[in-house]
Structure formats: structure tokens, C-alpha cells
Amino acid sequence: MIHLKALGVLLREGGQPYPLDLLRTMLGQAGIRIHMLDDGRPPEPLDLVIAMGGDGTVLKALDMMPGCPVLAINFGTVGFLTAGGREELEQLLQRLIARQYIISERLLLRCDYPGGMAHVVNEIVLRSSWRLMNVEVSVNGGKIRNIRGDGMIVGTPTGSTGYLLSTGAPLVMPDVECFILDGLNEYNFTSRALILSPQSRIRLVVGPLLPDQTCNLYIDGNPICSVPAGQEIRLQRSDRRAQLLFFDEHYFFRNLSSRLGWEA
Amino acid sequence: MIHLKALGVLLREGGQPYPLDLLRTMLGQAGIRIHMLDDGRPPEPLDLVIAMGGDGTVLKALDMMPGCPVLAINFGTVGFLTAGGREELEQLLQRLIARQYIISERLLLRCDYPGGMAHVVNEIVLRSSWRLMNVEVSVNGGKIRNIRGDGMIVGTPTGSTGYLLSTGAPLVMPDVECFILDGLNEYNFTSRALILSPQSRIRLVVGPLLPDQTCNLYIDGNPICSVPAGQEIRLQRSDRRAQLLFFDEHYFFRNLSSRLGWEA
Amino acid sequence: MIHLKALGVLLREGGQPYPLDLLRTMLGQAGIRIHMLDDGRPPEPLDLVIAMGGDGTVLKALDMMPGCPVLAINFGTVGFLTAGGREELEQLLQRLIARQYIISERLLLRCDYPGGMAHVVNEIVLRSSWRLMNVEVSVNGGKIRNIRGDGMIVGTPTGSTGYLLSTGAPLVMPDVECFILDGLNEYNFTSRALILSPQSRIRLVVGPLLPDQTCNLYIDGNPICSVPAGQEIRLQRSDRRAQLLFFDEHYFFRNLSSRLGWEA
Amino acid sequence: MIHLKALGVLLREGGQPYPLDLLRTMLGQAGIRIHMLDDGRPPEPLDLVIAMGGDGTVLKALDMMPGCPVLAINFGTVGFLTAGGREELEQLLQRLIARQYIISERLLLRCDYPGGMAHVVNEIVLRSSWRLMNVEVSVNGGKIRNIRGDGMIVGTPTGSTGYLLSTGAPLVMPDVECFILDGLNEYNFTSRALILSPQSRIRLVVGPLLPDQTCNLYIDGNPICSVPAGQEIRLQRSDRRAQLLFFDEHYFFRNLSSRLGWEA
């Protein structure tokens, strides 16, 4: 359980009227100090961030305040990481104050790329600007595949309801310790998602590119850099973890049903 | 059968030494005039084009000389449209002169887009520069789907061994009269390829785009234009057909086996 | 249009109370004679069969009265071939009498198997009782694949919303002239649906079987016979067609949306 | 490392001439006693079983001698669990004696079914004798899906190269701690493999069956029993593990490449 004294609030950009008065009143009565994260770095360490938006806002909160637990309220469209919707806000805050929550710990990837390093919550994507490209994939020093297609993706269980869902990869329960690797529109018949052990050291080497072709790296939905032919990306388990708050033990499957009609 | 008097030759750009002497000698002895298409428009109507390259060269030949039959010799990497490889050239020319070929007639798509029109041999692709976009699909005046993903594709049976193969669409025998429609990395569970009747009038309307997002139209692998939100693409059967020459009745499945290991 | 004088009615077995009084009254007033098909062969040629049930009842009607058009009212669970639901019956009959319908002509397969022949509306399935088996597939005299898995399926466009939908095959508009071939749970990476031209002559040869293993043939959902190792099944276009009545030009996509949530 | 004193040998039934003389000579010189497991229970505890056959023989060895490590030599067709082929036998035995092996520990499933319990190495399958059936799936007390199709499958990472591979499920590295759940030929668009955490308690309840329909349970490829409508199957992590010997750190991907052409 978290000892809640100081709390940050991150709002989705370009947003809507947010019920900040309700938030201030309820949390203030519980003796919790509130800092709006749009105003810059908070003046004290935070015990929790409340992210109001969709999954993108959650990713941004995790990126801004590494190591800090996040409670996400859905004011967006995609909400697999959110604990509930805007219409439940009062009830969710009551349960937060009453400590009736569960903390879901999430594995992160560490991505070393040409010119930088990042901690990855959902996935990294290597994607050709257009036309086929090749990526050579090695795991623990052994070459395992040559992917030929629009690109490839490596993600976490958290990312299995993100872009990985579009590639046909499996749904992964959040507490499984693994990574998921898949191709994007491979030009062959042998594409198949691969579930990697969390100890895997993954190396991706970009193959030759055409003169008018670039290979771009995206992390958690954001463009990072282009990766020239012959350059490599290295991935392994991050020493960080993300912490997300939920109020329902079965939130993962409930979210799948309500957002994607999985139950059908 | 074709009455062969004048013949064009199209070479893959940036290519390799081509056996043009052999070509000139054999065809000259058969009384056939040869025109190199790299030198510009030929001075007389052509009865056939020999394309030396991969599938890209074939597409270019069909585009340059609409209505003219094409015999393709594989000097490239992908060769589903080619009748044989460079090492068989002499034998293929003998069979051409002896009229031992079959002509495969191929359905084309006509694509009307903002600012132009094109005849499509393989496929048209609408693709987001990055992130999810929506395309509303109507057939014969009725809305059938809203595709939400990286984009979408509509192709011909000829295109079923092109980019469509990467999207998981089925293989289609060349003489089936149909079109194929599929999504690209749809963010849902309901994606499924759709086989449309050749009389279908297809209308695609691009949904709202983010400020930094563009939707690009590609035809037969070439970038054509960006399509703004709200604009539409119209597709229907072209009044043109393509004609490809082959020497083996079972060329389609033989090519699948040899190039993609489909037989396995 | 059909000149409607005599009409058969087929009811789903084990069924529910059917509104036969309404049917008799409305059709009687229009001068149409009704024969219940449960009572055996009708005493005169029929101009139409009304099938009340699900897709299974439609298949049975087409089998009992070959060549006779069928109007199907959904009193079942799966209803891709039905023109409307039980709650719309009065309105559907009005439109039938007013000749406000369209007739959808459907391609059938002819299946020659050891010991018999059948006309196939949806699909034939070869399925192992348990464990892997092999089927060698030839088209027009050329071997195209060896399928290794639980079995295989060949179907019509009409069948694309039947069992073929479960194998991942594409949806096919009813007026496309083609057949669809796919494997069942193939034990390899090369499985891909294949769209065959309607002129295809397809030959399936069952490979070696284990001592306790049988390969069973099913046609339109009914068990037909077991097929011993080495025996063959031959498939080609039937000289018959099926005729189904609908009242809405867009019935195919409307049914997909309402029954499978394809629109999403 | 294993202290090797007594060793069992299990041969694939109906087999071929096995090089037992070589085995006896090499192991005898190393002071290891050999017991043929076809002759019944060995007279002393075993330190290792050498299984000569395919994956089926490995499963049988693990079932006969629970807790005992297995070294598998491929004398069969499918060999994802085998450390090498028959042609390498002498070299493999040398490396065994020299202790140059790695031990791969594998998670097992415990399956409680009506009338019994079993430890599962690869997978359990619930499969309809014919036609659609329903299975209700719950995880940790919460209902997550209703599967409607030919049946369903739950397997281990070891099983991901078994029957699960036929259902389109992902490949799973052997040391990932998870289970995999998937449908068999689901009659909808929402089928997607699910990766479950190893702590999951899974409950499967068979839905209503037709009069001529049975639902059969198979464990590791063997028929176990039929499961009546309304009955349940319970699955959770077994307290046992399997131990397999290999001589190459990259055996998993090497086997995929050589046996399924995954490398392509």
C-alpha cells in the first residue's frame, strides 16, 4: 500500500473540462497535497500520479515520473491501462483514499538505440517508411530470424493490448514475465509471434535500405530517430518497473470485453 | 496468339549485364524488330514487351504500354509475374518464337483519387504516416465497414502475391474475377479479408487525421499523393486488362512453391 | 421474377410454434397453394420453398428440392442465408407477394467421393478423427500442396460464412465465381486460404492413416462416409445452381454486421 | 548436473533397428547401468531416461518416470524435444558422459477432469466430435470468455511447438513461465491466443451438447474421456516439473529452423 501524502495530476492535452474541484475537495479532505504536472516538475517527491486521459496519458505519466505509481482515469478513447471511467471518478477516489486498490507491477524493456536509451512501457517498433525492409533478429547471441516486411515490433505484456494487438500477437496477462516479438506485414508465410523469456538479450540489426527508404524507431508511440542500415537496437529487461493502480481483480479481462468486444 | 513483328524490351534500372546480343540474334533471325524502351517511345506499335527484371519491371512495362502483352524474364528478386529465369532465356525465346505460350488475361482496377485516375495491376494502399487512422468503406452505395488501423488495401488477383500476401489475405488464382480488400494492422479483432465481386463499386473515405498525421495513397508500390481527411477514393473494374505470357499451365502454383516455399 | 402458384414450406425440426395461420391466410388470399414438406413429396411442382429455421434448414430445403428457389425466414441461431427474422414475417410475405425481392444465384460444388456424388451448397470437409493426417491437393492435374493437419475444407462463396469462417478464410461476396480451399489446423507455417477459379478441377487424395485413425468426409455439415487412405475426392463446379430470395440489396453485409459484429 | 549411475532406455514402438550395442558399450565403459523400460519397471531408481523416437516417445518417458530427466534422440518425425538425431548418437553420448549438457526445466499443467487427474507436458484439448460446441472459460474465479467452435486448447510453453502451433498460437521460449489458451476453429472474429500467468487457476465448463455430439478430452495427444455437458475441467500449475537435456544453448530456435523452416 502507498502512504499518500503528495499526489501529481496529469491531464490529457487539448482536453475537456476536468472535474478538478471534486479532486481537490476529496483529496484535500484526506490530507493529500495536489500538484498539477502541467506546471512543471513538482516541488516535492510524489507518492502517486493521477493520469486523466487515455493510454497515451498513462504512458506520458510513467515517462515523466519514473518509479511513481499511476492511477489512470479514462478521459480518452483507448483505455486498457485505466482503472475506470470519468463517470466513476468520485467512487474511484473514495476507494483510493480507503486503500481499496491493487497495485499491478509491470515489466519494462530497456532499449539502447543509436544515440540514446529509453525505458519502454508498451513496445518499440522498427518501421520502414515504405516498401520491404529486412531486420536480423538475434536472441542471447544466436541469430533466430530474418524478418522481411514493413518492420517489426517488440513489446511487453502491457503492450499486448497496444500496437501488438494489431499485428495478431496474443493477449498477455499483465503479470506474465515475458516479452513479445512479432513482424509487421511480413512478406512470407512464416510469420508467427514469439514469446521471449524476460532474461532475453535481443539484438536487431537493420538490413540494407533503398535510397529513398528510411527505417524509423518508435517507442511507446513516439517517433525517436531513424536507424541507418547496419545499425543495431538492443533490448533487454529494464531495471525499472511501472506500477499501475486498479480496483478490480479482473480488470484486465473486463477491459478487453468492454473495449474490444472480446467476450462477444 | 500474337502476330509478332515489333517487340519492345524494358530492362530493370540499375541492372546487371543483360544478354541483349542473344536476344537480338534470336529475334532478328525470326524477323522480329526490337526497340529498347529506355530510349523513349518506340517508333511503331508494339506486339509484345519483354520485361527483364522482377515484378516491379513488369508493372512498369504494363504502365508504359497499356494493352500490350508482356513476357517477363526474372532478373530480380520477386518474380510471381515472370515466366522464367535468366538462365532459361534461350529456351524461353525459342518457345516464344514457336508460339508455345499461354496468355494470362488479368483484371485491373480503376482508381479515381483526388486529382487523378490510374489503372491498377496489383493494389492500392491507403497508409497512415504513423498512428491509427479510420477509413470508411462502402460497396455499391452501402457502408460495409469502418477500418481502424494503419490503413487498408484493395487489390486484384494478380496482387494477391504482392503486398496483399503480407496482410494475411488469401492467394487468388489469376483467372478468378474478383477484388480483395483487407485492413492493415487493424486495431480490433474483426479484421478479415473480403473477396469482392468484379462489379463492385468501392468507395473509401478517409476519416479525421491528427495534426501531424498524413494518409498516403500508393498504387502498385509507388507513392501517388496524400489524401486529406474527408476525401474519397473510388475503385471499380478497369475497362483495360493486362496480358502476361507464360509457358507452363501450372506456373502460378510452381511460382508459389519455388519462391515462398508454399509446398513445403 | 417467379410466377408463384405453388409453394412448399419446410420447418426446422424440433421447432417452436410457427405462424402457419398467418402464412396460409396471406398466401391463400394471393391465390398461392401451400404444401407442407414434412408430409413428403408435394403433389405438384413447386415455384418456391419457404424455409423456416436457420442456415441448416435452408441447406435441407435446397437438398430436397433442387433447382427450386428458397426464401428463408430466420427461426434459428445462424442465419446468413435468411432474408429476415420471424418478427418481420408479415412484412416479408407482403413483399414476396408484391414481387419486391431479388434472387441471389449461388454457385454449387459437385463432389464425387468413394461410393457417391453430391451437390454442395456450403463446403466439404475432410477431417481426421484425431491426430495429424495428410491430404495431397491437385488442381487441373497439377499437384499444388500437401496439407498436413486436422484436415481440410473446400467451399463455395455461400460457405464463406459457414465453417470456412472458422478456419480464417476470407469473407466472399455471394456473386463472386470462385471456390475456397483451406487447411484445418495445419501443422506448419505455410497455411493460407486459396481462392480457386470456378473452372478448377480439384483432386484430394488422403494420405496414410494410423491404425486407430479415420478420415471422415462431411458435406454441408452432414457426415457422409469415411475415406480410406489412398482414396480420392474429386470436386468441380456443379451444373446446378441454388437460388435464394432476399429483400435488401445489402443483405450480405447487413447480416455480417448483425450476426458477427463485423462492422464493430 | 546429474550423477549418472542407472539409466533407462525407452524405444519408440514399432520401431527400427536401434543402435543398442553402441549404447551399451559406451555407457558400460562409463560405469553406467542400463535398463530397458519396455521390460517393465526398472529394479532401481533411475538418474536419466534416454528416449529414442520422436516427441511422442519423450512424452511417454516423462509420463512413465515422473521427475526423472530425459535425454531424447530423434528417431521420429517431429522432434522439438529431442537433443539431436540418430546420426549424432555417438557424439551425443560422449557429451553426456562428459557432462557437457544443459538441463531445461519445463513447467507442467495439472489437469483435474471428471474421474481423474493428470500432469500435462504439452497440452489439453477439448474437442467436439463434430459441429460447434461452447466452452465457458474462467480464470481465477472470473469468467473471461465463451468459446464457440470446434473446441479449445490449453498448453505449456513446451506445447507451443505441438498442437498449439496448428491453432496459430505464438511460439514460446521454453523458460517462459506461462500457459497458453486458444480456441479451435472458433466461429466468430474474436479468437485470439491468450498468454496466462503461471499462477492462473483455469476452469473450463462444457456447454450444452447436441444428442449425437460428444466433447472429448485429450491430454498430450492421448484420448482420456468424454466430458458431458455441464461438467468442468480444472487446470493449474503442477507441482512437478519436467527436465530435458540438450547440448546446444540455442537448440530451441535451431529446431524451429530445421524442422519448420522458420528461419526461411
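Chains here go by letter, A, B, C and D, matching the order in which they are written, and residues are numbered from 1 within each.
Just so we're on the same page, a contact is a pair of C-beta atoms (placed from the backbone, for glycine too) under 8 Å apart; a residue touches a chain by one contact, two chains touch by 3 or more.
Bear in mind that the values here come from a model prediction, so they are computed numbers and not experimental data.
Using the contact threshold fixed earlier, the set of chains in contact with both chain B and chain C is A, D. When chain A is laid over chain D using CA atoms, the rotation angle comes to 180 degrees (nearest 5).
The mean-CA centres of chain A and chain D are about 34 angstrom from one another, to the nearest whole unit.
Chain centres here are Cα averages; for chain A and chain C they lie 46 Å apart.
Averaged C-alpha coordinates give centres for chain C and chain D that are 39 Å from one another. Counting partners per residue, chain C has 188-190, 192, 260-262, 264 as the residues that reach two or more other chains. Residues 127, 130-131, 149-150, 163, 165-168, 184-189, 218, 221, 223, 260-262 of chain A are the ones touching chain B in the complex. Partner chain B is touched in their complex by these residues of chain C: 139-140, 142, 144-146, 157, 160, 169-173, 175-178, 180, 188, 190, 192-200, 249-250, 253-254, 256, 260-264.
Residues 189-192, 261, 264 of chain C are the ones touching chain A in the complex.
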